[in-house]
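So the structure is just underneath, and the comments pick up after that.
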Amino acid sequence: MTAVSDATDTILRLRAEVCALHEQLTRYQLVVWTAGNVSARVPGQDLLVIKPSGVSYDDLTPANMVVCDLQGRVVEGEHAPSSDTEAQAYVYREMPHVGGVVHTHSTYATAWAARGEAVPCVLTMGADEFGGEIPVGPFAIIGDDSIGRGIVDTLRDSRSPAVLMRNHGVFTIGPTAKAAVKAAVMCEDVARTVHISRQLGEPLAIDQQHVDALFDRYQNVYGQR
Amino acid sequence: MTAVSDATDTILRLRAEVCALHEQLTRYQLVVWTAGNVSARVPGQDLLVIKPSGVSYDDLTPANMVVCDLQGRVVEGEHAPSSDTEAQAYVYREMPHVGGVVHTHSTYATAWAARGEAVPCVLTMGADEFGGEIPVGPFAIIGDDSIGRGIVDTLRDSRSPAVLMRNHGVFTIGPTAKAAVKAAVMCEDVARTVHISRQLGEPLAIDQQHVDALFDRYQNVYGQR
Amino acid sequence: MTAVSDATDTILRLRAEVCALHEQLTRYQLVVWTAGNVSARVPGQDLLVIKPSGVSYDDLTPANMVVCDLQGRVVEGEHAPSSDTEAQAYVYREMPHVGGVVHTHSTYATAWAARGEAVPCVLTMGADEFGGEIPVGPFAIIGDDSIGRGIVDTLRDSRSPAVLMRNHGVFTIGPTAKAAVKAAVMCEDVARTVHISRQLGEPLAIDQQHVDALFDRYQNVYGQR
Amino acid sequence: MTAVSDATDTILRLRAEVCALHEQLTRYQLVVWTAGNVSARVPGQDLLVIKPSGVSYDDLTPANMVVCDLQGRVVEGEHAPSSDTEAQAYVYREMPHVGGVVHTHSTYATAWAARGEAVPCVLTMGADEFGGEIPVGPFAIIGDDSIGRGIVDTLRDSRSPAVLMRNHGVFTIGPTAKAAVKAAVMCEDVARTVHISRQLGEPLAIDQQHVDALFDRYQNVYGQR
């Protein structure tokens, strides 16, 4: 095995993985039509793998995923990449620990984003996954670095892997694409439950010490070793 | 290939396409029972292809789609056409650029329609797809031209491909039937998200210049070239 | 063919039909677990076919449907019939034009029922299918005729095929079991859309003359001849 | 057949049963990602069978279920057990009639839990299944006996098989794992319907005598003998 064929294998594996993870977006109804996407960093290569733009989830295959460099330029693939590629490439450039990025307009999270309001931490699930509130990022127009910068500026000093971009939707990050998808699923679930709770009164606060303890335990103890 | 067999082929293709597009209406839960339909113009022939009336989505086949002229009279097919055929025929007569029309009673959009209230443009997705608010059309009774006229009068001077007909439901248009289906899916998604956002406060406005920039970019840059 | 084997054929056909119609209840999420059922009258025989009690929808077969007389006593079948059999038998006894009855606790309709509030007629779909508001029936305890009486007393002088039984759920009737299932689907759809509309304001009324015209047309013109 | 092989057979059967019951949690959308689980007591053996921690519902098999003693220590299985094992083991130790326990964060039930508010008994389905309101348990941190104690203290003197743990989610119990799953399904359904009813006014109360009569009948008469 040469280094070149190793790199090729890694990209092939990530094409399949990124393609398959989109099924979780439709399964949990986080996206409609073609409005949402998953990307993954290619480790050690300044590349990313992302959904093609405007292609239906039913028509996604490993082969039509697009490989771009971290400036968002296509390196491999016959399709135009997602229109969110620039934003996601910015995140990979600025946050070296990020291995996956997800974008959705999931309903409840986007409803908070339209009011520019963070989702308060009133559920143990919120403390587990987000370590506090789910923060709001700035209004930013597509087409330059401003969405990417808004994501990075908001998440850099937060424990949350999710940001609600104002009037727009959700971006989540994770060490892997799968972790970013999980954060997107959890973000919508928490945003929905807290929304519904607040419809009939005020949810009770969770003490900061408990939020810290829950976050710490979930990040370090939960799941299989 | 004669011109006649070309015309036959076009109709066969549109029968299959219109039939298949109804799956998107059920998939996104825009319709229940038989209450919603898709039609397509037959290019260059003053004909349209539409769902048969009162037939379950499970029982739709290319063969039971109905071909009508642009007065709504059956030209080909053994079933009565959708009861919305007159309204849709009117749209095709009056709006030559329209290649497809969709009608649904999707829940959230119809809830706005029941109050006679337009959906404000407070989401980037709303700016992308509708270029502003989703407008309301008049109350109109089925059985003559009044629904068709209401649709055309409302959409003629709007960037929106969707109209909320008062106390009734949604009609969407597009250059193709698929584009009209997409508009119906997006209309419900935007209507739902804005509704939920407003339940707990007032969504933030998006500046008109940004609405214009988003609409322009989405119409001209998004997707595959 | 003797009269006896004809009668047997009719019952076999209705066992299959009633069994299959339960799929519509789960498809439209009108029921959870085992809480809802469909029945059909056996024409000319003072019998009805109904779901067995407490059996999962996945486990329904034509063979485990239960045949009862119009007092609710089992005539054929190895299972206990639905606990709603007495109520439905009462309806068949008192309303000879009824060929099918459906019971659900579908969410939005039951939410109106819990407040004892009729669903107002503010949608053309409500005018089409219900000819006005969806009325509320009395609170009634299971185990005697009181539910059946409540249904019949409420629907006898109404155009609506659906009644919201107070603090309980929905019963619908129709000339066939399929029509009663359709009414149950439409009832939830209308109850949901009107609920959501009213969350952000007051839906606009539809003039009585239009309600009448819509109801008349839908009952007489819609669908295949 | 020796006693030892009988015991092995029982555990094999429960592995399959517990695994399969998780399908009901996803079917009724009571859980997202890996956030919820089912367990069953192994009769007469001071053991329980439970979901592995952090494993996707798609990947569950009878073989990867985990067998623990009633202190929560793994006895059989290659995976770490659910992080809720300690809480559920406590319930089995303290409530000998309990044969199954289920945990979810189902949306509407958890929304009530976030406000620390019991779901009032305003539906016959609530009276049938819960015999009154669905009660709230204390806020409790994961990692010791406090969740288990909160569940037991709340349910010991209640007719309800479900408890809403504050800011957290739902735990349900039953004589079997299947009964506990049913209670979880019904809990969400009742929590949702009552929530929606209260959004537009106050649901009507049901007299205590009727609640008692409904509960008694449902526990003793409903279903197959």
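For reference, chains read A, B, C and D in written order, and residue numbers begin at 1 within each chain.
Here is the rule we go by: contacts are C-beta pairs under 8 Å (C-beta built on N, C-alpha and C of every residue); 3 or more make two chains touch, one makes a residue touch a chain.
Composition by chain, UniProt nomenclature: A, B, C, D = L-ribulose-5-phosphate 4-epimerase.
Bear in mind the structure is a predicted one, so any value in this text is a computation, not a measurement.
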Chain of greatest Cα-centre distance to chain D: B
Between chain A and its twin chain B, rotation from the CA superposition, multiple of 5 degrees: 90
Interface residue identity across copies chain C, chain D - same or different by half: different
Distance between chain centroids, defined by C-alpha means - chain B, chain C (Å): 32
Distance from the mean Cα position of chain D to that of chain B, given in whole angstrom: 45
Residues of chain C engaged with two or more neighbouring chains: 199
Chain B residues within the chain A interface of the complex: 28, 122-125, 182, 185-186, 189, 192-194, 196-197, 199-204, 206, 210, 213-214, 217, 221-225
Sites on chain A touched by chain B in the complex: 32-35, 52-55, 79-80, 83, 105, 107-108, 110-112, 114-117, 139, 141-143, 166-169, 195, 198-199
